[in-house]
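First chain written, first letter: the chains are A, B, C, D and E, and each begins at residue 1.
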Amino acid sequence: MAEAIVFWTLAVLILGLGILVISARSAVHSVLFLVVNFLLVAVLYVTLSAEFVAVIQVLVYAGGIVVLYLFVVMLVNLKKAPERYADPRRVPWSGTLLAGAVLAEVVVIGFYSALSDDGARSAGGGLGADTPFADCGAGSLVSCNTEQLGWVLYTSYLIPFELASMLLLVAMIGAIVLAKRHW
Amino acid sequence: MSNDSSLLSLILFTPLVGALVLLFVPKRQEDAIRWIANITVAVGFLVSLPLWFRYDSANPDFQFVERLPWIPSIGAEYFLGVDGFSVLLILLTTLMGVIAVLSSWTAIQMRVKEYYIFLLMLQTGMIGAFVSLDFLLFFLFWEVMLVPMYFLIGIWGSDNRLYSAIKFFLFTLVGSVVMLLGILAVYFYNHSVTGVYTFDVTQFHQLSIPADMQWWIFLAFFLGFAVKVPMFPFHTWLPDAHTDAPTAGSVILAAVLLKMGTYGFIRFSLPILPEGTAAFVPLVAALSIIGIVYGALVAMAQRDWKRLVAYSSVSHMGMVMLGMFALTPVGITGSIVQQLNHGISTGALFLIVGIVYERRHTRLISEYGGLSKIMPVYAAVFLVMTMSSIGLPTLNGFIGEILILQGVFVVQKTWAFFAASGIVLGAAYMLWLYQRTMFGTVDNPKNENLPDLTMREFVTFVPLLVLAVWIGLYPKPFLDRLETSVDKVMMRVDSDYTPRFAVVVDGGAPAGVAAGAPVAIEAPVRGGGR
Amino acid sequence: MLEITPLHYSLLSAALFMIGVIGVLVRRNVIIIFMSIELILNAVNINLIALSDQLQDLAGQVFVVFVIAVAAAEAAVGLGIIIAFYRNKETVNIDEIQIMRW
Amino acid sequence: MDSIWLIPLLPGIGAALNGLVGIRFFGKRFAGLLASFMMGWALWLSLVAFVELLGTEERFHQVTLASWIPPIPLETADGVGSFTVDWSFTLDPLSAMMLLIVTGIGFLIHIYSIGYIEHEPRGGVARFFCYLNLFCFFMLTLVLGSNFLVMFVGWEGVGLCSYLLIGYWYQKKSASDAGKKAFIVNRIGDWGFVLGVFLVFFTFGTLDFRAVAEAASHMPVETAAVGFGVISAICLLLFVGATGKSAQIPLYVWLPDAMEGPTPVSALIHAATMVTAGVYMVCRNAVLFTHAPMVMEIVAIVGVLTALVAATIGLVQTDIKRVLAYSTVSQLGYMFLATGVGAFGAAAFHLMTHAFFKALLFLGSGSVIHGMNEEQDMRRMGGLRQYMPVTALTMAIGAVAIAGIPPFSGFFSKDEILFRTYLHHGVFLPDKVLWGLGVVTAMLTAFYMFRLINMTFFGAYRGPAWAHEGDDGHGGDDGHEQDHGHGWHGPHESPRWMTIPLVVLAVGAMFAGFVGVPIAFEALWPWTAEIEHFLHPSFVAEGAHAAEEAHHMSLLGELGLMAFSVLIAMGGIWFAYRNYVERPEAAEQMAASLAGPHRVLTNKYYVDELYDATVVRGTMGSAGGLWSVDRRVVDGAVNGAGWTTIAASWVSHVLDKYVVDGLVNLIAWICGEASYVFRRAQTGLIQNYAFATLLGVFAFVTWYLVAR
Amino acid sequence: MPAGFTAADFYYLLPELLLTGGALLVLVVDMLLPRRDWATLGMTLFTLAATGAAVVGFTGVDTTISAGLLAIDGFATFFKSIVILSALLTVLMSPSYLRVEAVRPGEYYFLILCATLGMLFMASGVDLITLFIGLETMAISFYILAGYLKPSQRSNEASVKYFLLGGFSLGILLYGMSLFYGATGTTSLNGIAEALAGGERSLTVSLALVLLVAGMGFKIAAVPFHMWAPDVYEGAPTPVTAYLSVGSKAASFAMILRIFIEGLPSLVADWQVLFWVLAAVTMTVGNIAALTQSNTKRMLAYSSIAHAGYILIGVVAGTERGIAAAMVYLWVYIFMQLGAFAVIALLRRQDVIGDELKDLSGLYLRKPLVAVAMLIFMLSLGGIPPTAGFMGKLWLFSAAIESGFVWLAVIFVVNSVISLYFYYRVIVFMWLKDESVGSDIVISPAMATALVIAVVGSLLFGLYPQVLFEHAQVAADMFGSAVSTAALR
């Protein structure tokens, strides 16, 4: 019951904010809506027992990325309003319609496969998950989840993890290279 | 014949070596380049001569065979060998190479080096196609030929060269790529039967592919070869290519390149796909006859000397195809001979055009007239070649035509009837051309002091004249070399055909020695009974 | 209705996904389009987290961690690109990004 | 006798020498002498061979030089055959006779040409003799060839040579046209001929004349009862070839034009030898033809019609050579008539005599033309006998001979033909019709020949005055003005080179007939019908000894017939004499009295027409109604064919350019347009790109939803 | 599950480690050393060479490491060598170009190396997560490289376009992956394979399949997900374009083969249809659109789209032969495509951009050898023997025929004919037109080396491809197939 209430409120808010993000007149507003959206998503994660991810969500997104966006918006929005010129060869509504259509399809598929109690999963060799949740009796859920995740990340997923670090390095250097005015 | 073990490779690569040598000769020294090129082709011809003498016409197998692994993982081999057909065509190629190279001594003044390099590469490509017994290798050479030819037309051609060059290239390519599909189909079918992956043609010759499959494969091959021949609906590239190519280009194109198509039919389509062939005979015959008449008619309407000759080759090649698809020994023999003849006479005719073109830079027939007063020797040569082209007895053309028509006649009287009309039409357009160019008075002042043939130019004609007369009077040596090969093809397309070599082997005299009443061969021999 | 099934989560993520897509397709401000892309990535994340919870499997969360990392990287690079572009063109209107066509 | 193959070869060598070396280096005389020498040698060899042949028992000898086309198995009507052809020559009575004719007359004409051609430039002379020798080479091959293909070699070869010789003055458009026309018309005939040959092989499995005859003799005679069988088909096809070569209806149109060539050429090729090749070929295949009586009938009808038509046209020609040309056509018609009624011997006989007197007449006319400075129009001649006596005399002899006045050669041969025709029973024609037409022709022949003689040699001289301004009236011979541009000193007898052959031929024309004296004269001349007896073996298969059909007719009746035909001839001669010598005005009177051809002729307008016609198309078919008929129908047909061909060629040319090629270009165009469309799709707008992506997804998903 | 991370893994990771180290060193060298251009270049080349050597060292190995996230097998090795070789050529053709563009090469080389690193992971990853990270490493490096010429608007625009669309498609791809994760509860390909084996397919899986195809289709620029390619290719620095069109394509194909052949064999019927359509449409549109291009880079972009279509035929066949065909084709594709781009890069001078067809005119007269080289590349792209391109086509043909996709083969035929038309336009300009523009062309030794390698490759593998075929076949057979060849008859 409580779960349902939480879910519906969160769902409505998330979607609503999402719509606001893409429909807000000024970029600044949509950035702010985005922050809120992210925070709510983080909350959703908590309800789904992914506390660690929720934390990063807050730190990285709300803390890092969005601020970055804010800077850039400030940087570029000083001059003329960006959306003055609209190219005639592009019909926005068609985009909306198409997206809607795809969404409809996805929904149909979702219901369909949910009702036909989802062959794949019942067939599921996958269900015996590689990295199952361990149940940690005492101690906060957060630390527990974090501990497990860290363990997995540094053993099985070490290599992708290292690669991710390279990826971030690339991004850093790239950002510098691109943003610097001269060599 | 162990001492011949590498003869074919020698023939094959001599021109290529020449081309490589030319790469390192500085552009400026044009005469040196010319000499090297000429010497190369001359050597190429000389090394090919042993084929004529050492070829054992009694031996039904492929000869001078060379076999080395090339791409084992897909079963492709470096597999060379010749039989009667290829021997004659190779000799024609090497000879024509000499003539073409020699004929362009003065004609080519721009980018001399590249010109000869391309010409020599082309030479290698053509020989390669004739000697390879590996289908993939054949295809490789088949396509390799296109590129140099493209450049010969594109760089050294006349007014409309770019269009003609690309047209030539694309037409031929369409056909050949479709053909590749057919090749692969055979390849996989063979694997499914024998379990080995190979492109060995001699192996394919023993396959018996299901008829419906054969039908499709034949269609694929047909497209590839018919474009090259060219047969009636696919011929439009020919006039353009011929017209715009430089003289040597036209000569090679007419004399050898067109033979690729017919050679393809005789070497691959007929033996590999007997049922398919049988199924397509009516179509091919119809197209050929249309080609004969149509080509002749169009030729008659031409104002451009070279175009006229080009269309005449459409007509002649129609004759060749018809003879081949009569599927009678006589017809097939005739069609091979006719290929040689066409090479000789049409090649010569293009040389003839080239000579006046080089002097006057126009191909319009109306520009000429009364030349036989100014250039008697030239006129005489032209006359002989005209006669050989319209099949005057004692000249080569006659033998081919008579054999073809006879071979066709016993199969389908009406075909022979219509095909024979080519005799009349051929005479009509050629003589009209001769009259318009050679006879009459010299009314064009530009023609008044054209020099007659130079020694070099005359020399280029000598071998052709000799051959024309030789084949006309005494074709036996050529026909003998074809005998066993024709029989092998016949055995494939006609199940109850008994080859002559078999007869010879079991002591019976070769069929009908002297002129005489029908000589019974022991077993029932039927020329593709229908 | 009251009983929350995995289906609900997947539909939620699908909806968010499509909102993002619409944003990409409709808005002309490059920056907002970036944000829409971020929305899309979040949709994916929601999906993964929900699934991992329902499967009781950590791999999903690991996946999300990496997605977030990538998102961060993209954001950095993307904004760098925008800066560079803005320097030359003095605009962030996507409809003016069309020197190169046919 | 084994060296008969040398006979054709010698002139061949001569041709080679003259052609390769001579044109550059030989003097006029030398070239001529060389050629003549070769012919002389050939003549000698033929004589030797002839004598040897007489020596042998079975009058047949075959020499095989080499295998030409080695045996290749080929299906025939009865199972397996083997297609093979040898270079082999046959000497038998028929070919022996032809040998003598060709080499003999050929030799004389070579000699004659030495004189005739001397106005030509040096190279030209060598070229001329090269062609002439080459012709003899091919003609002799034709004669000696012992199978269809070898014969065909000669058959085509002589065609080539006549093409070259007619077009000898190639600067003359008319000349080269005529040559081309001759060749192409001949080719049309050959179309039939080769098909005939193929059918021969298909039927008999061989091409050797002897073998074919042998095989055919065992097959049923395809009478009307039996029906039109394969042999008939063969014969018909072969006969098509013959009509081409021997200028019979409908393919005779080329021969008159052929008169564009030098006169000796007309004499040798278009009178004595080549044009008789058709007749010879029919005789060669006598056995085949005797097995196809219906075709025989056709041959006879074609022959006699040709004879009649040509004769009537000949009546009104004014160009001396054209008269002779039509007379040749007409005489050839006679020969075919003979073969048609089965009198092959008679045909061959007439062939021989005709060779003599027609060659004589042509050479004579040549001599006249030469003496009259290339004047060919008889209305500008007259009374020439005092200027050129020898020519006049010899030509008169020739005329008498052709008119069929005994004891000149023409009488015997022609009478033999008429006689056998009289006896002939038609298949689908009532008896005696052929004979009647033959007789009429005989009269016409006599008439126009003497018209020629009279107009040329008798009466007053009507030619141009031979001052230096005499260069006006040279009928269309721009070709070699320069050669005799210097003044002309009146009509004169020709040099010895030309007169001697005339004399020799005249002798021949007089006495050649005695080899074929009718049986009727047994009393006076013991060696009757020599030539029939001699030739007979050539006309029957060596197996079957068909007994010579007896002349079942009373001596009296036969003599009566002869007398009648002689009378007819006399009548013709008298008529000509009366009209053109005694009372030249008689023509006007008749014109007044008679309507029809004569008014047309005397009509001045038509005379102009004739002049134009001589320049434009030659005067063939100028006789009144026939003028239009011939021109419109026969020639029209030929030209029509020509034009339709040209038209067709243009049509197909256009077709090729726009349809066949057009398709290809169309495809190319489509690709180009499509390319343009795709480019436009590349709007450069990111969101359109994203849209496309999403669209792809949408499409695939929908596909799945629908597919399930 | 294999307990995380063993020492052996370090051994098998040698190439990746070398590459990473090298990349970092390049940065350091770039900061410290004077005359850094040559130093960095040398460092990069050395790194690549070492990595290559290490990769080749693992020929014949067949194992999976680090808890089954990475596979070190013939397939991986083959694609790694492709990637590294193309990187090598790219680097070789860069210096002169960068000098003209007045760009600092240090970070450039670093980014190239990182992209390569990503590709290596794409080649050997057998787990969605690994593949995805590798893919992103590559992609982000390319986003930056595409915009590396900051002063040039076209370069900026290229990178913006690539970035936005890349992000978008990444979203789609990830969504698909997440659905698969949901459907099977695992991210490892083998796990997915066995999870899907047997059980009937739910629509969710189909949806996931479509999204995956779309995402990967974007990377290999398959129609209709191709539209970024022409613009980005045109705008990006030429060497980057070259690397993008060869390296990233090869890596993406490796990933596709991994996912679909190894991960989703049970869905073969579904994705064969999808890829059939993709292949047909892609090659047709690519070729036809290229017909009328006057900008060489754009033309080559379309042509590379078309080639993606060709290679998809191998995927469609799904047999060992098909896989081998794709591998062979990608291998020979390195030489011809990179060679062509090298020539275009060569044409870049102070006064000439060099990416228009007319800039090629008269090349034959100025630099005959270069013209010959370009001729060979064009012929090879067109698939004319005796060039390597022909052998590649041959394999694709045979794959299609063997699996009975005759119509696809016919479409292929028609297309390869159409394609020749525009390759010939290039030749026409080089050889048959004489007027030439701009200052004279200088060939740096590095560039020369690149050209020589490309030419030799394009000819060698056309004349004697045995070695290549052997390796490809062995790798493919080790790799297994979705449709066993035996099943064909």
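The criterion applied here is as follows: contacts are C-beta pairs under 8 Å (C-beta built on N, C-alpha and C of every residue); 3 or more make two chains touch, one makes a residue touch a chain.
As the structure is a computational prediction, the values presented were derived from the model and not from experiment.
Participant: Moving only between chains that touch, what is the shortest number of steps from subunit B to subunit C?
Facilitator: Steps on the shortest route: 2.
Participant: Among the other chains, which touch subunit A and subunit D together?
Facilitator: Both-contact set = C, E.
Participant: Any idea which chain sits dead centre by C-alpha averages?
Facilitator: Measuring from the global C-alpha mean, the nearest chain centre belongs to B.
Participant: From the C-alpha centres, identify the chain that is farthest from subunit D.
Facilitator: A
Participant: Could you state the distance in Å from the CA-based centre of subunit A to that of subunit B?
Facilitator: The computed centroid separation for subunit A versus subunit B comes out at 71 Å.
Participant: How many Å are there between the centre of subunit C and the centre of subunit D, using C-alpha atoms for each centre?
Facilitator: Centre-to-centre distance between subunit C and subunit D: 98 Å.
Participant: How far is the middle of subunit C from the middle of subunit E, if each middle is the mean of its Cα atoms, in Å?
Facilitator: Here subunit C and subunit E have centroids separated by 26 Å.
Participant: Taking each chain's centre as the mean position of its Cα atoms, how many Å separate subunit D from subunit E?
Facilitator: 79
Participant: Can you pull out the residues of subunit D that are in contact with at least two other chains?
Facilitator: 679, 682-688, 690-691, 694-695, 697, 701, 705
Participant: Which subunit C residues sit where two or more other chains touch them?
Facilitator: 6, 10, 17, 20-21, 24-26, 30, 34, 55, 57, 59, 62, 66, 70, 73-74, 77, 80-82, 84, 87, 94-95, 97-101
Participant: Would you pick out the residues of subunit B that each touch at least 2 other chains?
Facilitator: none
Participant: Which chains touch, pair by pair?
Facilitator: So, checking each combination of chains, I get A-C, A-D, A-E, B-D, B-E, C-D, C-E, D-E as the touching pairs.
Participant: For the complex, which residues does subunit C have touching subunit A?
Facilitator: Residues 1-12, 14-23, 25-32, 34-36, 38-39, 42, 45-46, 49-50, 52-53, 55-59, 61-62, 64-66, 68-77, 79-84, 86-87, 90-93, 95-96, 98.
Participant: So in the complex, which bits of subunit D are touching subunit B?
Facilitator: Within the complex, subunit D touches subunit B at residues 19, 23, 64, 66-76, 78-86, 88, 123, 146-147, 149, 152-153, 155-157, 160, 163, 167, 170-171, 173, 176-177, 180, 183-184, 187-188, 190-191, 194-195, 198-199, 201-202, 204-208, 211, 214-215, 645-646, 648-653, 656, 660-661, 664.
Participant: Quick one: which bits of subunit D touch subunit A in the complex? Just the residue numbers, please.
Facilitator: 683, 685, 687-688, 690-691, 694-695, 697-698, 701-702, 705
Participant: Could you list, by residue number, the parts of subunit D that touch subunit C in their complex?
Facilitator: So the residues of subunit D touching subunit C come out as 679-680, 682-687, 690-691, 694.
Participant: If we count contacts the way the header does, which residues on subunit E are in touch with subunit C in the complex?
Facilitator: Residues of subunit E touching subunit C: 128-129, 132-133, 136, 140, 143-144, 147, 150-151, 153-154, 156-161, 163-164, 167-168, 170-171, 174-175, 177-179, 181-182, 185-187, 230-231, 234-235.
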